[in-house]
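I have a structure I would like to understand better, so I am pasting it below and will then ask my questions one at a time.
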Amino acid sequence: MRFITIDKNSWANGLENLYGNYRLFGPVKNNNQHFFKELAKGELPDFNYLNTRLSPKSLVFPQTEIMFEFSLDENDEQHHILKEINKDYSPRALIGIRPCDAASFMLVKRNFDTPEYKDNYWLHAYESTIFAGLACDNPCNTCFCTSAGCGPFHEDGLDLLLVDEGDKFIVKILTPKGDNFINSAGWETEADPTASEKIIAEMQIKAEEKIASSVSTDKLKNKSTIKLYDGTFWDDIAFACINCGTCTYVCPTCWCFDIQDEVTRNSGIRIRNWDSCMYPLFTLHGTGYNPRNTKMQRVRQRFMHKLKYYVDKYGDGIQCVGCGRCIRLCPVNIDIRKVCDIMNNYEG
Amino acid sequence: MSDYTSKIKEISERLLKEEKVEIIIGFRKGTVPMMNEPCFVKTPEDVKELVWDSNCGINLANYLTGRKEKIAIIAKGCDSRNIVTHIIENKIKREQLLIIGVPCKGMIDKNKITSMFENEIMEVSEDKENITVKGEGFEKTLNKNDVLQENCKICVHRNPVIYDELAADLIDEQKVDRYEDVRKIEAMSPEEKWSYFDDLLSPCIRCYACRNACPLCYCPTCFVDESMPQWVGKSIDPVDTRTFHLLRAYHCAGRCTDCGACERACPMGIKVRLFTKKLEKDCLELYGWQAGLSLNERPPLDTYRPDDPEDFIK
Amino acid sequence: MQNPYLPYPVRIDEIITETEDKNLKTFKLVFINPEDEKKFSYMPGQFAELSVAGKGEIPIGIASSPTEKGFIKFTVNKVGLVTTCLHSMKPGDIIGVRGPLGCHPWDTLKGKSVVIIGGGFAFTTLRSSIVYMLDPLNRKNFKDIHVIYGARSPGMLLYRNELAAWETRDDIKMHITVDGTDDPEWKYNVGFVPTITEQKAPSGDSDTFALICGPPIMIKFTQPVLDKLGHAHDHIIMSLEMRMKCGIGICGRCNIGKEYVCKDGPLFTLAELNNMPKEY
Amino acid sequence: MKDWKPRIVGFLCNWCSYGAADLAGVSRMQYPPNVRVIRIPCSGRMSPKFILAAFMKGADGIWVSGCHPGDCHYMEGNYYARRKFALFKNLIEYMGIEPGRLHFSWISSAESTKFARVINEVTSAVKALGPRKHGIKTMPDELVKSKISMAK
């Protein structure tokens, strides 16, 4: 494992060197909130943040993405035939992504990269991205990553991990992609692996201790799916829900989408948009029948998918990295930690 | 606020014990600072869950739509006005309801308080006029009036307009200028207005929290979900997003009570009330109308006067 | 890397109005690029996404059989945006087809007796199955074949000419029924599918599989009849419907529990369904 | 810009303004040809969605015309419409549509002269503003970029 240090004085310079080789994305403050945004030349990511308001999932899985284009003009030889469009999959780097958000891409990858089908759009974007993580030493009161298979210094899904040590970053380089990135920036102050590992381990323990909340997931795997589905607690959990899609849109691990055609005059596009299991239209049949017609059914679907169906399907995990965004931004304070504990301890 | 809570509990317990109602709709303590969760209580034993403080901004009228049973509902001024609107629009019957009115001194603005501190807020408590905020390495006391939700600051109907029980004595109503921000926009040139709203709406993620938090939005199929014809695209194209917000607001014309639920629910902190307030101002100026004050008057778009203003018509 | 969302372009070769209410039309489609036909290698029971540029996609069961070469067929009910547009199209128009999608039962059914039970316009993939089994090269791979097919009235039956032809054969036992009719010429059964199933279907054994496709109400009342006839739950195969978009188990909407109806289904045995949430 | 011809959508009530258009035609009155007429059963049928859809698809101006107050074929459709129009016009102008883009009028089936006058006023008001700068739905940037990069 290779470690280097970056003096914060040479941070801007390194990013400048990267600029031509990568499209750089980083957290930027706007209206009191941080968002991942493409950095202009000379623009620095703002690392003084707890976590970004929205997860960076849209950089690999945009909220609206063009899939195909077509012409409806009958004079056009290829009219009504869908055609692929040219996409920009040049190398890009997500600088300062939190370990929880990086881990989420590994969960989502299971959905988009299957043995039978590969989702080209997601995969190409994912493969062209460098994940330059920023270890988290100032967690929110809604963070529960350590009990969701993740953590403030978690390395899965990262190409390198930046650890803030006052006037410098210690960088743990995790993949060859990460190595190339560092070389391209021209940062080359090698650090002693043993000493670095030790410093990081100490900081990690401190950071993990700060994470005050947790979920219990140990019993989910062996619970009966049908019994949880028929659980008596759903009405109480779902009562407050207003069926907006906030939880699903801010969630780094929610991947559902809708496919729509849009036409302007004689030409059109097929696009995909984020969709949400909170919306009645999500499952409405053409006949008017809806298998998930009530609010309770939709709320149940969301939590069952994350905490049980996913576990059933892949044999591990929960489909959650513990970033806490859905808790912070739910307008009616529905708390996945509470629901997870109820499900885990349900004896029905 | 603890006296409000105990009075609410007392009334609720009595109503359930006497079987006057089957269900109480109120709030329980939230899991994060400055949040409470709307909840229902069906037994006198569970009444202990109910709370009341300055974090009860959700409009509970939203939870009444189409319910069949006998309900007691806790209602601030704005909730009570939306209950009136619900009754007028046949979404609930007056006879089904026992309204526990709460004279309201305003709800606090979570986003505003959060943005005042760099570090995470771990605990927020309140005591009459003061809000105390605690986090790692800081503790600060704020005057509640300085951190109220924008709509609460300019609220002129803090007392419930319709109620069967009261959780506290009625309070004095405020005399305020409600439309300063609207006038500021009205004074802009079309070009300035356009770019003002472009900026305002640019963070929108089309999650529909504003729509769903609104007690007025109960259409079985919202216009954004109509497909034949499809009025508005579903992407985050700025033209579609603007059309959504415009029509959402217009659909609330003459019905909106400025309860602030939309703005409170927005995960991106967009000031979506700026649309509905314009309509509210026009309804007041053109038709002398304020929504939800009386069960006996039809809303402005459901009626007319032969001499309504028409100087804009050729 | 093949893009799984890209439809193959096809030309509408022929449109047949199937039912008297004119709400069901069969579209015979021909691949514009002949090599696409080879790529679209399917089995009865599978479905495809029909794609109309500018309107969108809909999942429709494949009504033709792989033994029929040179074209594929889909019978489409007029319901929503895409199907309404399809119904207004004419031969020569260009649409797209994406698939084949979903699973099929033929590894299980080989060497067995098959009881096909269908109702209304869900008969499309069952037609595909019948044509497939009756193909001279395939017929020997199956024992007895029973077909119980019902519609509201004679005019609402799909593929009437083919039904009549199958009636005259002795290697398939047809039990066609209608809910009711005043047609004096009607020489087949009158009665709901569950009733006719009770009267005509063979009893269950380990060598017999029932294949059911129809409206939920028919399935609901047929299932107890099959129980009574001794069909084991793992020998009853049902086809489910769900709103779908991607058709390949990625977009997330058509799940029942951990199963995606589009990719893991649309066929499930009753035994499997018994262990899944009743959310369909 | 001199050759620019505005595209204006006119929603005319079947019972009055539409008849006035007919009469104006039969009477050989001269008026600008920039209005595409859509017949509606009553100004009360006019949905704000129609106006927004026309603006999104690129209309430069929109004109809605119905019967004079008191003359509605359905007794009071135009009275209700008047309130809807007032609030709607104010709202879209508040959001940045220029005041000269959206017009309303009352024209009876006998008022062919008024019809010709109003269509002139509407057309010249829209012409004075020029083409719309905002709010027309176009192909997304990503597609435009893709075309540019393919051309390279």
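First chain written, first letter: the chains are A, B, C and D, and each begins at residue 1.
We adopt the following convention: a residue touches a chain if its C-beta (ideal position, glycine included) is under 8 Å from a C-beta of that chain, and two chains touch if they have at least 3 such contacts.
What you see is a predicted model, and the numbers here were worked out from it, not measured in a lab.
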item: B-C or A-C, whichever has more C-beta pairs in contact; value: A-C
item: Label of the chain whose CA centroid is most distant from the centroid of subunit A; value: D
item: Computed distance of Cα centres, subunit C from subunit B, in Å; value: 50
item: Euclidean distance of C-alpha centroids - subunit C vs subunit D, Å; value: 49
item: CA centroid of subunit A to CA centroid of subunit C, Å; value: 39
item: Computed distance of Cα centres, subunit D from subunit B, in Å; value: 35
item: Touching two or more other chains - residues of subunit D; value: 137, 140
item: Subunit C, residues touching no fewer than two other chains; value: 80
item: Numbers and ranges of subunit A residues touching at least 2 other chains; value: 64, 258, 260, 271
item: Partner subunit B, residues of subunit C touching it in the complex; value: 80-81, 84
item: Residues of subunit A touching subunit D in the complex; value: 64-66, 69, 85-88, 264, 267, 269, 271
item: Subunit C to subunit A touching residues, read off their complex; value: 1, 3-7, 9, 32, 51, 53-58, 79-80, 83, 93-96, 216, 241-243, 245-246, 248-255, 257-258, 263, 275-277, 279-280
item: Residue ranges of subunit A touching subunit C (in the complex, touch as defined); value: 67-68, 70, 72, 79-82, 84, 111-112, 114, 116-120, 123, 225-226, 229, 255-261, 263, 268, 270, 272, 275, 277, 282-287, 289, 291-292, 297, 301, 304-305, 309-310, 312-313
item: For the subunit A and subunit B complex, residues of the former touching the latter; value: 30-33, 48, 50, 53-54, 63-64, 138-142, 236, 239-240, 242-246, 249-250, 258, 260, 262, 271, 273, 276, 279, 281, 327-329, 331-335, 337-338
